[in-house]
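Following: one structure in structure tokens, then a few remarks.
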Amino acid sequence: MQTKPIALKILDVVSIILLAISTYLALFFAPMELVMGQVQRVFYFHIGTAWVGLLGFVIAALTGIVYLITKDMKWDRFGVAAVEVSTVFFFLTIVLGSIWARPAWNTWWTWDPRLTTAAVTELIYVAYFMLRQGIDDPEKRARFGAVYTLLGGVSAPITFMVIRLFRTIHPVIVGAANANQEKMSMTGDMKIAFFFALFAFTIIFIDLIWHRVRLGGLEDKVEQLKLKVSM
Amino acid sequence: MDKNKIQKDELIPRAKRSSLSSRPSLLKATFAIVQKDLAAEFRSFELVSAMLVFSLLVIIIFNFALELDIKVRQSVTAGVLWTTFAFAGTLGLNRSMSTEKDRGCMDGLLLAPVDRSAIYFGKAISNLAFMLIVETIVLPVYSVLYNVNLFRLDLIGIILLGSIGYVAVGTLLSAMSVQTRTREVLLPILLFPVAIPVLLAAVKASNGLLTGADFAEVLIPLNILIVYDVVFIAVAFMVFDFVVEE
Amino acid sequence: MIEVKKLVKRFGLKNILRGLNFSVEPGEFVALLGPNGAGKTTFLRILATLSRPSMGHVKVAGHHLPHEAAQVRAKLGVVSHMPLLYPDLTAEENLRFYAQMYGITNYQPRITEVLEMVGLENRRKDLVRTFSRGMQQRLAIGRAVIHDPEVMLFDEPYTGLDQDASEMLDEVLRTVAAEGRTVVMTSHDLARAENLATRFDILSRGVIAASATQEDLQNTNLLAFYKQALVD
């Protein structure tokens, strides 16, 4: 039985500290945004979670390709870990986005390209879990999972493109385009909070993926032991 | 092996071994699969008739759900059509792949000395044919029911491009979903989120044509349709082996 | 004709085949016997190129698996417990389809020949869905020999057949499918296997536990041998 590696323990502690600092920076250190007020502070975590969410899906598509080439189960564990962690982060992104959207745009949800693509991507990865659930043979599960993450990875950017192109032709009710400009006008302290959040969430992401990959390995070990007992 | 050994018990002397088979080309094998699918379908009409009846039912439901009066109709026709095609399409895709899986015919295909892509292209072309048959019947019916002319060459072109992209992904995913425990239920869940770009682009392009928008406005979704078709045919072609091998 | 060394097949963490050694000489008819879950079907699917070996050396009809699968497939005929036929096509159309898939150019005479061999020439224009289980299985044998393969694999060919149909199938298997070919068959039915095969291999827990030829069994019967092999 392997115990938790020391490096992982250290990373756990670092993650928690970083999260705490990032929270402080976002809630107290960064100056209040003049136009939107306090609610803008949600933006730092929103971007942080969105970034690692996307990162995870890119990683999942890449590990999918590597799995299909090498057929090594460790890449499947890595891919599942990335999708699982990212699905949660992406969900958080959408929720935080809604919290921001409510006072900013006066609606919880708008069908703007980013939001819509986020929702579709989230659904792709929910479908991914349902696909895996329906397959008993672990090797086939890994293979189909890899193929599907690959398809999702190719489809999601096209979805984003499609929606954005259509929205530029038909500008919509709420000022989706303005959001960009608001982000641009960040003061120095805001930038610190912003980049620190990106950094903190990246580390937290790595920590969680590490845990999940390790858990996957332990699951396999348990299965192996069960098999041995039943022999 | 001793080929001259005991011929006496055989009912008919066997043909000479070496002359019989050679590996068929990709094109020939693809064609054989399409021919087989169409022959079976034209005998029973099981698949196409199911898709067709389903399509008409969907249109009728839309009629009442959206209160399709003249004003509304113009702006939603494209959406109604593509929703109908997408739903009917999953029905056909599921059925087409189930017939291969249920009686072990997929194994029969895999046992043949043909490239796996022949199986993919064969099934995809058959599926496309089924979808196009349904579409060519639904279009005039819709035209008559709602007094709009949908029989336009440009619209048919868009429908063809959209159907190609939809079937390219759908065939691959149906080959996956029939191998899972949840089978039929799973296909739309897998297919729709991945097929959203092609459906959106197709709706947008069709809508542009039907509302008489500028050609430039149709051009963008048209390009996306072409890009999607090319990209997903290529991806499906590359990964199909992984979906059928064990 | 078939050569298997140290074959391992895993499904996930389960080892189905554990270092199996097996070989078949040209013209032999080997019956693979064993309890459920011993790995018979898995093993046959590997020989049939439908499943990849996890480890080990597999050579069928002079070609290595899985790398030369296409060459192996051209020389291989498979009869499984499922007919692998399309119910909405006629007997003739089914055979034509498979003839095309095997790249047989002048297939019409071959189809007629095969239909005569399996005794279905007067049903050639009938849909397969109207056939009885036994007739379907005979046509399945016709399908499997359409390209005149060197190696035949039978996977539980008697499943779902009654006594009469099984006897009829025996005859077709013997005269059409097995004659002059190398055959590996899996079966639960010891009596039928005893009639057909020249060698009996017992597959148990992922390895060949025992092997005996027809001559070895002169003094004892197959059932006794089978039971003894499983006890060991």
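Miscellaneous remarks
Think of it as A, B and C in the order they're written, each chain with its own count starting at 1.
In this section, a contact is a pair of C-beta atoms (placed from the backbone, for glycine too) under 8 Å apart; a residue touches a chain by one contact, two chains touch by 3 or more.
What you are looking at is a predicted structure, and each value in this text was computed from that prediction instead of being measured.
Chain B has the Cα centre that lies closest to the mean of all protein Cα atoms in view. Ranked by the number of C-beta pairs in contact, the top chain pair here is B-C. For this pair, subunit A with subunit B, the centres built from the Cα atoms lie 33 Å apart. Taking each chain's centre as the mean of its C-alpha atoms, subunit A lies 50 Å from subunit C. For subunit B, residues touching at least two other chains, in rising order: 246.
Those residues of subunit B whose C-beta lies close enough to touch subunit A in the complex are 169, 172-173, 176-177, 179-183, 186, 189-190, 193-197, 200-201, 204, 217, 220-221, 224, 227-228, 231-232, 235, 239, 242-243, 246.
Contacts from subunit C toward subunit B in the complex involve residues 1, 26-27, 45, 48-52, 70-71, 73-74, 76, 78, 80, 82-89, 93, 97-98, 100-105, 110, 113, 116-117, 127, 143, 147-148, 150, 174-176, 179-182. Interface residues of subunit A facing subunit B in the complex, by the touch rule stated above, are 68, 120-121, 123-124, 127, 130-131, 133-136, 140, 143-144, 146-148, 150-152, 154-155, 158-159, 161-163, 165-166, 169.
Those residues of subunit B that touch subunit C in the complex are listed here as 1-3, 5-7, 9-12, 14-15, 17, 20-24, 28-29, 32-33, 35-36, 39-41, 43-44, 46, 99, 103-105, 107-115, 245-246. Put simply, subunit C touches subunit A in their complex at residues 10-14.
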